[in-house]
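Each chain carries a letter (A, B, C, D and E) given by its place in the written order, and its residues are counted from 1.
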Amino acid sequence: MTGPRLGRAPAVLLVPAVVGVALLVVPLVTLVVATPWRTLPEHLGSQVVREALVITALSSLLTVVACVLLGTPLAWLLARVDFRGRRVVRALVLVPLVLPPVVAGVALVTALGRSGLIGQHLPFTLPYTTSGVVVAHTFVSLPFYVLAVEGALRTHGASYDVVAATLGADRWTAFRRVTLPLALPGVLAGSALAWARSLGEFGATITFAGNYPGTTQTMPSLIYVALNSDPTVARTLSLILLALSVGVLVLLRERWAVGR
Amino acid sequence: SGDGDDGEQTLTVLAAASLTETFTELAATFEDEHPGVEVELVFGSSTTLAEQAADGAPGRVLATADEVSMGVADDAGVLATAPEPFVGNTLTVVTPPDNPAGITSLDDLDAPGVDYVVCASTAPCGAAAEELLDSAGIEAPPASEEVDVKAVLARVVQGEADAGLVYRTDAVAAGDDVAEVAIPDADDVTTTYVVAPLSGAAGASADLAAEFVALVRSEEARAVFTRAGFGEVASP
Amino acid sequence: MRVEVDLRGRVCADVSAAAGEVLVVIGPNGAGKSTLLRAIAGLEPGRVRVGDDDWTDREVPRRRVGYVFQDQSLFPHLSALDNVAFGPRARGRSRREADAAARGWLERFGIPDLAGRKPRELSGGQAQRVAIARALATDPDVLLLDEPFTGLDVSAQMALRNELGEHLRDFAGVTLLVTHDAIDAATLADRVLVLDEGRVAQVGHPAEVAAEPRTPHVARLVGLNLVPGGDELIAFPPDAVTVSLTEPEGSSRLRWRGPVATLAPHGDAVRLLVHAAPDLLADLTPAAAAELGLVPGREVWLSAKATAVSRYGARG
Amino acid sequence: MTGPRLGRAPAVLLVPAVVGVALLVVPLVTLVVATPWRTLPEHLGSQVVREALVITALSSLLTVVACVLLGTPLAWLLARVDFRGRRVVRALVLVPLVLPPVVAGVALVTALGRSGLIGQHLPFTLPYTTSGVVVAHTFVSLPFYVLAVEGALRTHGASYDVVAATLGADRWTAFRRVTLPLALPGVLAGSALAWARSLGEFGATITFAGNYPGTTQTMPSLIYVALNSDPTVARTLSLILLALSVGVLVLLRERWAVGR
Amino acid sequence: MRVEVDLRGRVCADVSAAAGEVLVVIGPNGAGKSTLLRAIAGLEPGRVRVGDDDWTDREVPRRRVGYVFQDQSLFPHLSALDNVAFGPRARGRSRREADAAARGWLERFGIPDLAGRKPRELSGGQAQRVAIARALATDPDVLLLDEPFTGLDVSAQMALRNELGEHLRDFAGVTLLVTHDAIDAATLADRVLVLDEGRVAQVGHPAEVAAEPRTPHVARLVGLNLVPGGDELIAFPPDAVTVSLTEPEGSSRLRWRGPVATLAPHGDAVRLLVHAAPDLLADLTPAAAAELGLVPGREVWLSAKATAVSRYGARG
């Protein structure tokens, strides 16, 4: 069934939308056109690339998990709970967004590095490990997630939370059974943002976790390194990353679209 | 960029990031010698700058940290004259000031439990490091292959690595933040910095570009470079 | 139970009710009925005592209320069954128990086959039944029913009124039921609470309130005319009103003049609304209406038969 | 007036929220602690820094404007209009998220560079100009904006659009007077995302627009250059950028919170 | 106007109405009343012709309807005034004109002082008035009113029914009004349309439908008992039913047996609901009820006075 016919999409909305799509898509198309695809199988076969792909997939997945686990409660706290200093917390949460990634990496090193203020007391080391990659990605992606989910939570409003409360639901029950399901599109959008941000991240990763094939070298790091020597290889690798992520997105969004 | 009408002229120089301090000093000198001329310095990675020069980016002089990058611009035909080498750089081992792993020679990098970092092999400094480590017979892999030499240095300064292979210039610039462990055979492996004026400049501006290249290759500049830790251009 | 609410411009009332009592709340639109209920549920500030417990500072989920919201407020993402099972589950029953209880309620309200539907796939009256089921399923201490029979068809209204009446007979807690329907007050109320412009205008047994209404709203609800008479109020039924085209004779002060606003059939009679001061209702036979040539706009005289009039103090 | 008391925030939500905040804030605090503040006035006085700040502020502002103008219709199209290929467009729109910024810059060069496939036909040049910076920032930030706003639009649902249609509102009127106002929290969240992303961006900017002081050198580019010479200066500059953006965020969010 | 709707499981109907006609739609919950209205507005698929125009493929905004939604659906972000002014503005009137028109409607409905309020700051009945004002303000070709008087207090119901009646007298378009209230049908309807389980069960003038109801729902609505009698339907009022504890004498087939479900006051009488086959209503005097010792659950015999019974064909 299609919904009610509300009228044609007006030019005043269509034109900017198309311009937007063009702005986003045209550079990609030219990139694809300008890149030699012949070498692709060769790259895909190389161990370095395969390892980087695995680490990228793994770390971006774990990052999304971490964002959902940490960011959803945080977004809820910011959208639903009145507490002193909420404004400041909200601003602080957004700061990593503004940080150039390399500086974000430096900040992570000063905090969690082997001789960092906190890192020196930790029983384990994060730099040079895949966990470090996930920490760096989460640091960079979490604000995106939190902001998107907070926006969705605010859009929905708290009225059903109140109804749940009158039915005896404590905040956790209300959150789990009402708030979260109702904000699901926002949670999915936020997850997509976090995932994508994590897929493309390399500045903070390289600075904090390093760049060693098989443990911390992600696709973007590999691409960046390749850019320094052979830009063509870098482009080809980028396209592999792109193709895979577009594929995943198309598959996933299909699911969501059906869900609603 | 471009020429001002009132005699104010701007000379835009595209230079590798590792030349930041030395070129800033040289630019001041150049401005003193050429009243009414302002030198605008644009720093970036050699590859990016060379590609942008090839694409016709505004700029009168291009200085890269390696010959390969310069080749990109040369192939695009944007160089006014052939590139010329002006300094070289050699590798050295640096450790945190307290040298926690007790590194005294290149061979110590092979000891178990030592985290050392190098540049990625695709970067000029990485290629050099690989060559050096191979010739010294080091088997232990590095903890990380950093994207550039500054990242290697940062690791060591922050105490995140026990040792790192960096250029001498970086060791000098870091001063007391690191301790240097000299490598006897390092001079065998050097990189060469090259500079060239870019075409598309006409008249006075072209002269200025040539003059800036001359300054970079002058004895006066040599003192600046030496102070910064640069070495001689290796003879082929 | 005792509630004190003071929200400027909305409601300012002090209401008590005994355990097991059904208090039917009536009053014109905007009188503050819903606000009173919201305050008991903790959605608006107010002092609330229930039995020996002080609810004033108690958080909403810890007040054991069953609330039928005026706008239903069904969870849009949950099925009818899950909506009803939500309360029991939130209050700690197992999923199976809660589902069974919810299914029982849906059956009782005649919609067991709609258990799997989302609220947007229900008709208005079906959704209203789910809303009532959801409130009753929570096993509350206080039942708050805001116009619970709204949107139900006549049979369903009758059936649910019976169901609810049965349920309330065994219910140990306090019930507040808001309605605009005199039948609810007559059939379900232990006492009637009349709100007017945010204040309590009258409290009493349904028959008392119906016999001696103190506000025009209640008078209209029970179908009486109400006119002020100094310290007294004067009430009389529409069929005690005589309509004439000329000034009636005699010295009675119970006569008024005004244009006919509307004529409408009312049972076997014709009911007239006349814009006198105040508006008055008069019933007359269709034959009489035709004879007098009554049409809207026509000026008429009304007088009340003194024998059918009841007079009582304006303040209880 | 405070809202109804729905109960204490439960530990199961509070703990992850606090962990999330800590993860985001601790590195920043250590960064602030580890950075010498004495040199700050000197940096703030320098012309290079002031120019970079102006360009950063200007370009990030223009980026937000561009995102709102192009991205809002695009998000609307994706959330509200059924058209063939919507899934693919949606995935394509997200691709720049996944692109490492430097590769994004490369893509822009291949498309809009002086000798790019499209750029060579343009009557004006984008690279190495402030407009180029805005284009690069918009390319990078737009997907974030679109995703956040689309999430908010979906969260709200289309029911009020339908009501507006029955009242005779064509889609543009309904969009302007109903859809957009109702999705405002999402639009604001998206704007904040886009703005922040733009503030921290340098990879695509340097690659596409270069790093010319006074025209294309933004704070992050300057910080990147400074990292090569004096990491301490780079940190101090980062902190200036941070402090300013946190200030703006605190001020702005104050407004929003009041708005809803 | 002609509407053909065929939505499996919801409604399957073919309805016509003349210009200027007021069609009151009645039927039990879930009969498909709202769905029919939605189809006319273009919110569900269906073939619609209005006058000479084919609306079937016309987009929603271009169908000139004024729709009072069953759940009000006021825009939550707009004030009452802006809600009402929305339609006129969307249809091209200037802001000043639209505001003036909206203000006029709010005044007519007795809530001019609430113009600046957001919907969440209105009481249920106040919001309902805004919803009606919003629908009428659009100057529509077809008026779709889904239970428009729901939630209004008695005076407001009366006043708005009058207002609406006046408005509809001059209204050239078609009006469909859904209601569960017999008074609406009696006072406003030109014709009554009875829906039952998604199908048209009866169409006719209000008096006809009230006299010869074809569905239990309508019978209940107009207060008649309805029993099937072969090809015929048999209708009779509750006061034509005799209640006894023993089997009545005579050979009349109009007698039934069953337990008393409820007793409730009804005017001066007591109204009994008896679970016979089908459920039947019976009115008797309080004295008689007391004498018979009637309580819920008690088995009784009912018989209808043959003179008060009307018989008619089951299909019009």
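Throughout what follows, a contact is a pair of C-beta atoms (placed from the backbone, for glycine too) under 8 Å apart; a residue touches a chain by one contact, two chains touch by 3 or more.
The shown structure was predicted, so the numbers you read here are calculated from the model rather than taken from an experiment.
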| Going by the contact rule set out at the top, which chains touch both chain C and chain D? | A, E
| task | Give the chain pair that accounts for the most C-beta pairs in contact. | result | A-D
| remark: The distance between the C-alpha centres of chain B and chain E, rounded to whole Å, is 86
| field | Centroid distance [mean C-alpha coordinates] between chain D and chain B, Å | value | 34
| request: Indicate the whole-number Å distance between the mean C-alpha point of chain A and the mean C-alpha point of chain C. | output: 54
| Roughly how far is chain A from chain B, going centre to centre by Cα mean, in whole Å? | 35
| request: Note the residues in chain A that touch 2 or more other chains, in rising order. | output: 4, 6-8, 106, 110, 116, 162, 165, 170-171, 174, 182, 224, 227, 231
| request: Any chance you could list the residues of chain C touching two or more other chains? | output: 42-43, 59-62
| task | Find every residue in chain B that makes contact with two or more other chains and list them. | result | 51, 154
| message | On the basis of the stated criterion, which chains touch which? Give every pair. | response | A-B, A-C, A-D, A-E, B-D, C-D, C-E, D-E
| Contact residues on chain D for chain A in the complex? | 2-4, 6-10, 12-17, 19-21, 23-31, 33-34, 69-74, 76-77, 81-82, 87-104, 106-108, 110-112, 116-118, 135, 138-139, 142-144, 146-148, 150-152, 154-156, 158, 161-162, 165, 170-172, 174-175, 182-186, 188-190, 192-193, 196-197, 199-203, 220, 223-224, 227, 231, 234-235, 238, 241-242, 245-246, 249-250, 253-254, 257, 260
| field | Of chain E, residues touching chain C in the complex | value | 27-31, 33-34, 70-72, 122-126, 129, 146-147, 150-158, 162, 165, 180, 183, 186-187, 216-217, 220-221, 261-262, 264-265, 273
| note | The residues of chain A that touch chain C in their complex are 159-160, 162-171, 173-174, 177-178, 181-182
| task | In the complex, go through chain B and note every residue touching chain D. | result | 1, 12, 17-18, 20-21, 40-44, 48, 51-52, 55-58, 150, 154, 157, 173
| message | Considering only the defined contacts, which chain A positions touch chain E in the complex? | response | 1, 4-8
